[in-house]
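Paired with chain B in one complex and with chain C in the other, chain A is shared by the two complexes that follow.
Coming up: the complex of A and B.
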């Protein structure tokens, strides 16, 4: 447990030391302004008329009544969009406002701005849209058939957004030679991000015509490019500011309300516009985690060495591509788990349906495939008679190994160390005791999973960051964050890195959050690369600034002491510089006064190295990130208790053993690990997302159940801190790894208790009770 | 209608439709943006305020219900005393990530500690079960409450 009270404006924090986050202070007092908290003077409210069909042709939109209402400022449709009206990263297929066809329930059809929220609601209701319903497809398998209705005619592969096959060694043939094989078929559900701050922002036109906006976005710089094309306005005519986000987890990776905001601002007669989704609208319009249908066949030899894997993954990306291709890539790249399997065939496809849009969500395809491979590994180990942990250890990748997708691991690999730590851990050693100590009408079990997670964007898309740092005229340090902080604390970590290098405390530092007008272009807050990449860039900038400060100070001391001095004799201290031999000091402010602006500002550009391997298969995946270079590793263990009368399941203990490089701030690291694991528990047990014919049935928190404080156990986090050469101070990304293995660990634990596997969707109490019944274990004492 | 109530220690009179939601009134008319809205349906606790010292959900309250009561938002809690200790414990323990649940959570903690100054960890978890947090997994929040409770006990002793 943490120790008590020290003031936040403390001594400079050092890399590797737990330090409170600088942003916690303003958040805990309620002062911090999120995008939702801006109410520009005299602003209008903007809102969206949404489609009432999952697939339909719009035959008419009658806006006359809405337009005539007192207090309505503008009613806009796709006709008012000047540019391509298409959003998207690789596949630009999503209209800002539907032009002709709607492809999912709740798709945006018209945009209204009004004086008040009440008038806005009435005006939205007064818009009459007539539709001609079209045949719709909701099942990804059906979407692949020849007979299926096509969502985006004109694409070469019908409803298939992307499909490919990776094969290594002798491929599936090798399965025939295996001594033991195991098969599992697993279907995993959708998941909603359910961040607490729903999609929101404000926008206005600046005097020079620039469209300025404050939005809850993970991607301020990329948003400009997307908006530019869709609206036919040069990217430099947008200014996007991203305050701290009230959670995102991938759900704000790209445009949410920004297109509407820009359009509304263009038609607001110079007034600002504000938009803020209600929770139900968030469920309707926001992206989700991709559901997946997976088939696994895995084989090993007599010694328990994995030999062959045949697997297929089918993902549903819903009506528009969003990040569907990239999620499929990452899923396929990780499909074989962190094991050495020489012969593999991994087939994958991601398809369009008339379901909600799936896109980035913490884990990005990996929690899905981990649920496939880790259950297959458990089954195979049991069939072949091996200890579940030793079996994994035997087959674990090491540095220099080749993964099941042919990726040569040149960087740090800490999986074996993680497995060994877990093997020695009480929770694993005492697993039988735990199983045998269940009270009446309870059953207990332990579940295990091993996983890995790639860092960054892969070989094609440059993973870059441009850091900027300023010694302000008054002597304090301004840290410019070019990457959004969606809650993970990266902004504070940048301050920690700068504070470490320049030996300054938070009280002498200030953070400037992303603003395309003054922070420098950097890639998104995503892909376990936020601190990894920007951390490298800000380290570079801090080194430069330090050198300049010392050089100036040297001159000053030389004048004062009238002799030639050596820069090595100077040290930076909080707020000042000391010449050690003489003991003389000058305040930073004085030095700042001797520097002109161009010297006081240091910038540094950093692009991550990539994996240059040329792989024979999976060519189409290359653009989407295959292969990666750096991976983080984890082994996760859960102790479960099931009630045989009700099917109710409890996660009693959870162990995260993580190798994500060196740890810069243990407290912030633990936050990521615990938070990700908790979302994994939600994914596994609680968040039973339900659709009927493309319509979301779970669109509030009384039907879409998030875990509460009662549902998440105290977790233990064990760190294996290997130093990664690519990462700043040896770190690797830690934002996603902890969600990856939880569903699989829980599923393995449940299977251990019941003796059979629940293979479809969320592991709810109902399903567990049914499985207990079928296994003849219901109400067993 | 005219509603007269105490807001963060100040006698306040507003003219508001009787059915105006309190969360809107506080945020839009008084600029008290520390009152967060997340679900608008009484299911998350982000909009928690103290009404006569006990925690209430401002998204479920209407302006008319404010007549004669004492409302405290995160902005108005006395900076000394238990508030400061709870806040500091949240900071020190790393109980704040995105922070969107934090103001509501802190108020819920104050209410909890007032009713039960030495809660067990189960009691803390139960007492905070109306406040959702999507970022932390709750563990560091529970720790923060334990630390705050211990400090407050030391202070009373």
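Coming up: the complex of A and C.
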């Protein structure tokens, strides 16, 4: 599917140049069509009857009344699903429609298609489901106990989806030798993705039996495989198209509405079906960030060198596994932070409960553990009497270092450079002035965090991309994007890379967004690997196409000049090729005319290199990504102001110092960094997700509080552009690193202001006022 | 559900006869949310956006009359509001968001009768009276009488608010509105405080009016706290003492936004803002 981008500039883009994204104008004007914007002719509306219990056995589903209603086309239950009726990546445990048991509030029980939304609503209400409620478990610690009700009977480890231990060096016993130790226990909350475009799509059955769909998905190619198994239809009988997404952040990494859409399309008599969650349904059915319970004990020697870490991480994945195992892996791999700690023991588990489903969310476990290790580092530095920044610098990993999980860092590491830049920055140097300049009834402080974030899928799951590029018959360049653009700007960056290599302007280029019928199989838009991997593939394809264009032009010039020419004498310019010695030119369109389709299309397959290290520990984590090879780094600083009368907290300034390799487009890079940091502020201070016995209490935007523009400070982004050999033009992934340290930086700043730590959940004004009261600082002028 | 657009107050009165369960829609910023959430749709909505009689602001010698259909944004832009009624100016500045302020009206905020309504505490301390019209005639009642409970006013079937009458405050009076929400914009108050203060030349309190929002079923007025402060010089200590009294006098609840205990703390602490200002 081609999109309508009208770039703001037609000038050829160059790597390193700051330029507005090619999709900016059409998004701002509303011309760009998201999945929600498709209303196929004569389409039906599809909707879901959802479970009213967190854990129950379905004893009967009476669809007779709904089925008989005028305007209702189909009422479907699990009986209408031909395949395994199971979705999932590693653990295929989630039904499309519940077959027997529901395991969380709002689980899908029946699917209805109807002529109008109004009839749909009435039909859904007319379905009568009878349940036999089962005992339910909502506390991940209780879920691990022997007495707990089991969500998925037959599993070897009860409710434990995955657990493992990483130990390095002498492990915990080294703590006993430490001169100084510090302990923190931290519980971090759930977080909702809260994207603007809720889950949506349209689907229809084509004449040849293909189920075609346009869906808001990060994973068009993987969706086909998942759907094929669940519905027992060959994967090639699905065509998935993914227009630009109106936000996703991991929440559309995998099936959301696609299973329902496919099932509905199969029973719609050839008519198209449309689904679009309302906001409340998104909260009810969508995945969330994993909450985590963490215990940290960290020790250093007299010189302040970190020596030992003992930590445990318990995550709640809710009713179904989704990406629970992979999130735990990444959390555990990053649990010790970007420091050299020779002796470690990191225990981790992720468990099933009757809570909402947790899965991928920007950061993927790292913001959680960063909140643990970075608060432990601050506490230890304070206890041992070291400067908070110098202490981090002293222990920072470098290229060639081994991480606390035993991973040898063979690729670029820019953490020390980031720390030094922050050390020299005014916001750090003037921290005492800031603290001492608080107005009446205010207290000010500075918080710091350092973090790192792995790029890609790790050693087992191939991280690949297949790029495709076409010199169209009319001479313009068609860039095929095999990976979704969920808003991060990767599609525009592919155009930038191609424009750079072929020296063509945007007016001579167009992009084709993911479509399993014409773009080539590529992995998901996720894991800070989207531009990293596809960028490598598209670079390869562009090099091939350039070579072909020049070779064909060479033949033409040779014929015109009647002599042997050298390809080095040819230059590709916007819309034309020049033979420099003679000054002769041919238009690109003419060259295209001399090529047949097989020559005009260049493809290139790229698979990322992986970390080949064989680690003696964390064996179960290997399949889920441990260990990684490439990491991005960041140091984040916040200046905070707390109101002693109300506990209200304000982030006044925010500094992101980022090493994510070279920067291809500084403007897009900075937007990514700012977006992640803003989402981190929401996670830290505002998005106080509330559950009561598995039921979400904050289920709309009047109760689930996102920060507004008024709550986000001006941010400064400082780049440390080390060139990474693995990345296209030296880049590394930058999609997640900026959310990782914000909660920990803010928590450290709050602790500096109050003198005690708030260890549970979102740092709301209410909790801060209570902490101020306990510290005798409430209403202090 | 029909949406009708009366041009005169007479037409509006007649509509209430034809559609007895009809409801007035002004900005719709509360009503449309309620209708979507609860689904009990009336047979008709009467939009007052073309009712010019509700859109005007009249400045008189000793009072001001604000038409019920005047938007928060219009109020915020009026020099007289900024100069004479800072407490109301403060409140509309932090009410909702720019789109809400451009469509929401003072009359609408009043008739929603939420204890968290940002314009309500200011109207209490300003001694506002509400002008009501209906089939039996007109009446004008003090705001504290008008508001009867959460979401509940004294309006009877067929009655509607035409405007709000507010006496001009004493020239030297200080007034302000303090709000605590869960974020800086688009926030429903967790607690708020409106203050109207006149001091004597010797800095003792001549007159003080206080009204708290979101800490009880309606806006809370505590005469005993006002009486305690009268005649005293305001200091952190005096205001803390008043705060202790106030926190015992309010009737907050626990809800999704905050606990009753936090609201009690805020009830007391917001008083200290007066001294800072």
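What we mean here is this: the second predicted complex is superposed on the first by the 773 of 781 C-alpha atoms of A that agree within 3 Å, B and C clash if a C-alpha of one lies under 4 Å from a C-alpha of the other, contacts with A are read in each partner's own complex, and residues count from 1 in each chain.
One rule holds in what follows: a contact is a pair of C-beta atoms (placed from the backbone, for glycine too) under 8 Å apart; a residue touches a chain by one contact, two chains touch by 3 or more.
Nothing here was measured: the structure is a model prediction, and the numbers come from that model.
Taking the superposition as given, does A:708 touch the first partner, chain B, the second, chain C, both, or neither?
A:708 contacts both chain B and chain C.
Report the partner of chain A that touches more of its residues: chain B or chain C.
B
So, does A:779 touch the first partner chain B, the second partner chain C, both, or neither?
second
Please work out whether A:648 is in contact with chain B alone, chain C alone, both, or neither, and reply first, second, both or neither.
second
Just checking: does A:229 make contact with chain B only, chain C only, both, or neither of them? Give me first, second, both or neither.
After superposing on A, A:229 lies clear of both chain B and chain C.
For A:165, decide between first (touching chain B), second (touching chain C), both and neither.
neither
Intersection of chain A residues contacting chain B with those contacting chain C?
Dual-contact residues (chain A): 702, 706, 708-710.
Taking the complex as given, what residues does chain A use to touch chain B?
Those residues of chain A that touch chain B are 1-6, 8, 18, 20-21, 23-25, 27-34, 36-37, 39, 193-198, 244-249, 278-279, 486-489, 667-668, 670-671, 674-675, 677-679, 700-702, 706, 708-710, 712, 714-715.
Going by the contact rule set out above, which residues of chain B touch chain A in the complex?
Residues in contact with chain A: 27-28, 31-41, 43-44, 46, 73-75, 85, 87-94, 96-103, 106, 121, 124-126, 128-144, 146-147, 150-151.
Taking the touch rule as given, give the residues of chain C at its contact with chain A in the complex, in rising order.
33, 97, 180, 182-188, 190, 236, 240, 256-259, 262, 265-266, 269-270, 272-273, 276
If we count contacts the way the header does, which residues on chain A are in touch with chain C in the complex?
Where chain A meets chain C, its residues are 440-441, 645-648, 686, 688, 690, 697-698, 702-703, 705-711, 764-766, 769-770, 773, 778-779, 781.
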